[in-house]
Amino acid sequence: MKRISYLIRKSAGNIIKRPLSGITSLLLLLLLFLMFDLVWISALSVNWYLDRLVSKVDMEVFIEGSLSDTAAAVVFETVRDLYGVRTAEFVSKEDARERLNSLMGTDLLAGLEGNPLPRSINITFDSPFLSSDFLDQFEQNLRRLQGISEIFYPRGQLQKVENIRNLALKSVIFLGFAISLAVVLNLLQSIRLSAKTREEELMQHSLLGAGKVFLSVPYIFEGIFYALVAAAVGWALLIYASGYLTFKNVEIIFPTRLEIAYFCIVSCLIGMVGGYAGIRRSL
Amino acid sequence: MKRISYLIRKSAGNIIKRPLSGITSLLLLLLLFLMFDLVWISALSVNWYLDRLVSKVDMEVFIEGSLSDTAAAVVFETVRDLYGVRTAEFVSKEDARERLNSLMGTDLLAGLEGNPLPRSINITFDSPFLSSDFLDQFEQNLRRLQGISEIFYPRGQLQKVENIRNLALKSVIFLGFAISLAVVLNLLQSIRLSAKTREEELMQHSLLGAGKVFLSVPYIFEGIFYALVAAAVGWALLIYASGYLTFKNVEIIFPTRLEIAYFCIVSCLIGMVGGYAGIRRSL
Amino acid sequence: MNSGNSIVELVDITHTHSDGARLFDGLNFHLKSGEMAVIYGSTGIGKTTLVELIIGKRAPQSGTVVVFGEKIDPGSERLVAKTRQKIGGVGGLFRPISYQTVYENLVYPLILRGDRTSSCRSRVTRVLSQLNLIGKKGETAGNLSRGERILLMLGRAIIADQPLLLIDEPLAGLDTQMSSEVLKLLHRLSVAGHSMMIMTTGQTDLQVPNATVHEIRDGRLG
Amino acid sequence: MNSGNSIVELVDITHTHSDGARLFDGLNFHLKSGEMAVIYGSTGIGKTTLVELIIGKRAPQSGTVVVFGEKIDPGSERLVAKTRQKIGGVGGLFRPISYQTVYENLVYPLILRGDRTSSCRSRVTRVLSQLNLIGKKGETAGNLSRGERILLMLGRAIIADQPLLLIDEPLAGLDTQMSSEVLKLLHRLSVAGHSMMIMTTGQTDLQVPNATVHEIRDGRLG
C-alpha cells in the first residue's frame, strides 16, 4: 500500500466511519458559511443600492443675473472642463421657465413681465467623485469663480448614504471576522474530536515511528474536506435559492464566479489551519 | 461527599481541567450569540426606523370646488370621525394659498383674480393603521362620499417600507433559526469532546452501577454553563460597546432587560438540550 | 433451580462469536452465596466472555443469566445498572481510570452511595494503608505498575463492598510476594462474605483454601 | 564506552519519580547487538519505566540513554521518531489498537515503509498463519483474549522487523501451552538477529536459551 493512497483512504475513512459526527461538523460549518455568504451578498446588494441612489445626485450652479450671456458661457465652459464632471448642462432663463411650467402644469409666470428665473448650470459627476468630500471641495473651487450666485446639491442625502455605507462596511468587517474565527474554532473542535476518538492509534503509530507530519495529514485533509464541501454547498444552495426568490425594489447581487472560486480556495486554507490546530495537541 | 456537591464539583472540574477546550467552546458560542444578538438588535432598529418613516405618512383629500362650504364642513366632520383617523385638518383655499406662498417664498398667485387652489383635508393615522392595505380600503371608503375630487397618499413609499419590513422579518427568522441550530450543534460537539476525553471514566462508573442520569448530569451542567455564560457575556459586551458607539441618523434599539433575561433562560434550555445530545451517545 | 442462596445462575448458555467460534455449548453454572469459585481454562476459551455475560455487557445466543435473582438482559438498562452496583471486579473490563488519581479511583463507589466527604476520606485512607498503597494516594493511576493497578482494583472492590466479585486473572504478571499478598486479600474478602468468581489460565499458582475449582472445556463448565 | 555493537547503552541513570520514589540510582546497562537480555525485578521496581526511558517517553533526571548510537532526548521529536522506527515491543506501552482489526493492527508498519498493497496482504497473512491467528484476521483487537493480544503484538514486532524489541511481561496471564508458543517465537526472533530486552517479575517461568539474565535491585541492574 503506497503511503499517499493510504493517507487518502485514511482521510476518507475518518469521515465515513463516524458519519453522524461528520454530518454535524459539516452542518455547523455550512451554517456558518451561509451566514458569511449572506453577509457578503447583503454588502454587495446594499452597496449597489446606495450606488444607484447616489448616481442621481447632481449639482445646480446658479449664475448671477448681472453677468452677460457671453461671460456666462465662459463660466459654463470652465465648469464643464473641471475635474470629475461627467456632464454639464446650461439652463437658460427660457429653459428654467419651461421647467417650472412643466413642473406646475400651468404658466405661473404668465402675468409677469420679464423672466425672474436665473440661469444655471446642471452638473452630474463621474461616480468615483460622488462623495460629500469631493463635492464640498468642488463647491469651494466654484465659489472662487466670478459670476456664480448660488450652488445647490443634496449634501445631507449624500452624507446619509455615506454614513450608511460606513456602518455597513464596519458591520461586514466585524461579521466577516467573527464568522471566520468561528469557522476556524469550529474546525479545530471537529478535528480534535476526530483525533480524540483515535488517540490509541496516534499513540501506537507514533511508537512505530510515524512522524508528526504523516500522522497529521489525514486530519488536515479532513479539515480541508469539511471546509471545502461546506463552502461549495453553501454557494450552491444560495445560487439555487436565488432562482426562486425575487424581491420588489431590491436587487440581489452575488459575488462573481471568480470571487466564489477564490472564496473556496481560502476555505481550503482555513480548513488546513483548523485541521492542523485540531490535531496538533493530540500528537 | 454528598452526591449533589460531587456533581457540581465534577461539572466545574470538567470545565477547568481542560481550560483550552473550555475557552474554545465558550468563544465559539459567544461569537454565535453575538451574531444572534446583532440580528435581534438590527431587527429592532430597522423596525424602529421604518416606524418613524411611516409615521410621517399622511393623506390629502381634495374637496370638489362646486361643493358649498357647509357641505365641505360636513364632509370634513365625517372624515374626522372615520375609524383609524388620528388627526384631520381642514385646509381652506386661503390656507392652501399661504402654504404655497411659504413654499415658494413669494406670492405666485399675486397677479391672478380669485383663488384657483382647492380646499382639502389633511389626515394622519394612528400607527397600527399605517399600512397600504388599510389606506387602500380607507381611500375606497372615502371615494363613496360625495364631494371628494382627489385623494393623495404616498402609496408607493408605504409599500416599499412594507416590502423592506417583510424582507427584514424573513431574514431575521432565517438567521435566528440558523444561528440557534448552530448553537445547539456546537454545544453538542463541545460536550461530545468533553465526554470523549472521559470515556474510561464513563465506562468504569457505569460498571460501578452509576445510572445514566447521574453520569450525564455534569455534562448537561457543562452545556448549560457554556450557553449561559456565552449568552450573558454577549449581552454584557454589546451593552458595554453601545456606550462607545454612536451613529448619526441611526438609532440602536436594544431588547428590554426582561427580554434579555428570557433570552438567557432560553439559552440555558438550549445548553441543556445540547449537553444531553452530546453525552447521550457516550453512555 | 432458583435455589434461595444462588447468586449467579447460568442455565444452558450457548454462545457463538461473530467469527463463528463456538464458545459455550449448553454451559451451566451456579455460584452459591459466599462461594469462591476458581474457573480455569486455556487462553481464548471464553473466561472474559463469561464475565461479560454476567454483567450484562453481552447477551448469550440462548440460555439465561440470572444474577441476584434477576434475569440479566443487556436491553433493559435500569435493571442492568441496578444489578451492576452489586458486582465488583478486578481485571478484564474492570480497569483503573488511567487519568484519575488513586484516590479518585477509590472514592467513586462511596460518592455513588452518597457518603459524606469526611467519611469518604477516612475510608479510602484506611483501605490504602491496608493495601500498602498509601504513598500512591495522589498518583495518576496510569503511572502505576501492573501490580499496583491490581491492588488498586482490589481496593475498589473492597470499598464498593459489592456482594459479588468477578476477578479476571488476578495474578498475571505479579511477583511471588505480590501474588501471595493478593491471594491473602482475596481470601479475606471471601471470609468477609463476598461471593467470588476467579478466572485464570493456570490453576496451579492459585492456591486458595476453600475454593471450588471448575474447568471450562468443550464449551461447558465442569 | 560506545562500543561498535552496543544497541542500548544506559549510563549512570538516576531517576526519581514525582512522588519521591527513587527508582534508579546510578544504573548502568549495555545491550549488545543480537543479545537477549531478561531483566527481572519485583513489581514496581521500574521495569516499565526503563522501557519508557529507552523509547524516549521519559527523560532520566541524570545519566544518558543511547540507542543505536543516538543520544535519546525526549525534547528532539525528529530524532526520537527516527529511533523509534527501529524499536518494537510487546506489552506495557505497546498495545494493540483496540478498535482496529487484527489486520489493520499488523499492516501499519508496512504502510509506513511504503510497501505495495499486494505485498502487504501476503506478508500479514503469512505472519498470521505463523501465529495461528489467521481466523481472527478481521476481528476487532479489543475482542481478542489476553493471549491472542500478546500474539498480535509479537506479530507486529515480526512485521515491523525492528532490530530492537522491548518486551514487557510477555507471559502474564498465559496458559502453559501459549507460554511455550510465545517463548518459541521469542527465541526465533532472537535467532533472526533481533536484540531483545525482556522484562518480567518472575524469572522462573522464562526459560530461554542463550539469554543473559539481569536483576534490578537497589536502583541498579546486576
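All chains are identified by letter, namely A, B, C and D, in their written order; residue positions are counted from 1 within each chain.
In this section, contacts are C-beta pairs under 8 Å (C-beta built on N, C-alpha and C of every residue); 3 or more make two chains touch, one makes a residue touch a chain.
In this text, all values refer to a predicted model and were calculated from it rather than measured experimentally.
Chemist: Can you list every chain that touches chain A and also touches chain B?
Modeler: Touching chain A as well as chain B, we find no chain at all.
Chemist: Could you name all chains that are in contact with chain B and with chain D at the same time?
Modeler: A, C
Chemist: Average the CA atoms of each chain to get its centre, and name the chain whose centre is farthest from that of chain B.
Modeler: Chain D.
Chemist: Where the CA atoms of chain A average out and where those of chain C average out, how many Å apart are those spots?
Modeler: Their C-alpha centroids are separated by 67 Å.
Chemist: Quick check: how many Å separate the C-alpha centres of chain B and chain C?
Modeler: For chain B versus chain C, the centre distance works out to 62 Å.
Chemist: How many Å are there between the centre of chain A and the centre of chain D, using C-alpha atoms for each centre?
Modeler: 62
Chemist: For chain C and chain D, let me know how many angstrom lie between their CA-based centres, rounded off.
Modeler: Computed value for the inter-centroid distance: 30 Å.
Chemist: So what shape is it, when you link every pair of chains that touch: line, ring, star, complete or other?
Modeler: Basically the chains close up into a ring.
Chemist: What are the touching chain pairs in this one?
Modeler: Touch list across chains, by label: A-B, A-D, B-C, C-D.
Chemist: If we count contacts the way the header does, which residues on chain A are in touch with chain B in the complex?
Modeler: Chain A residues touching chain B: 20-21, 24-25, 27-28, 31-32, 34-35, 38, 108, 110-112, 159-160, 163-164, 167, 171, 175, 178-179, 181-182, 185-186, 188-190, 192-193, 196-197, 247-250, 281.
Chemist: Would you pull the chain C residues touching chain B in the complex into a rising list?
Modeler: 55, 77-78, 81-89, 93-100, 107-112, 114-117, 120, 156, 160
Chemist: Can you tell me which positions in chain B touch chain C when the two form their complex?
Modeler: Counting only chain B, the residues touching chain C are 1-3, 5-6, 200-201, 203-212, 214.
Chemist: So in the complex, the part of chain D that touches chain C is made up of which residues?
Modeler: Against chain C, the touching part of chain D is residues 17, 19, 21, 42-45, 47-48, 135-136, 138-139, 143, 145-148, 169, 172-178, 200-202.
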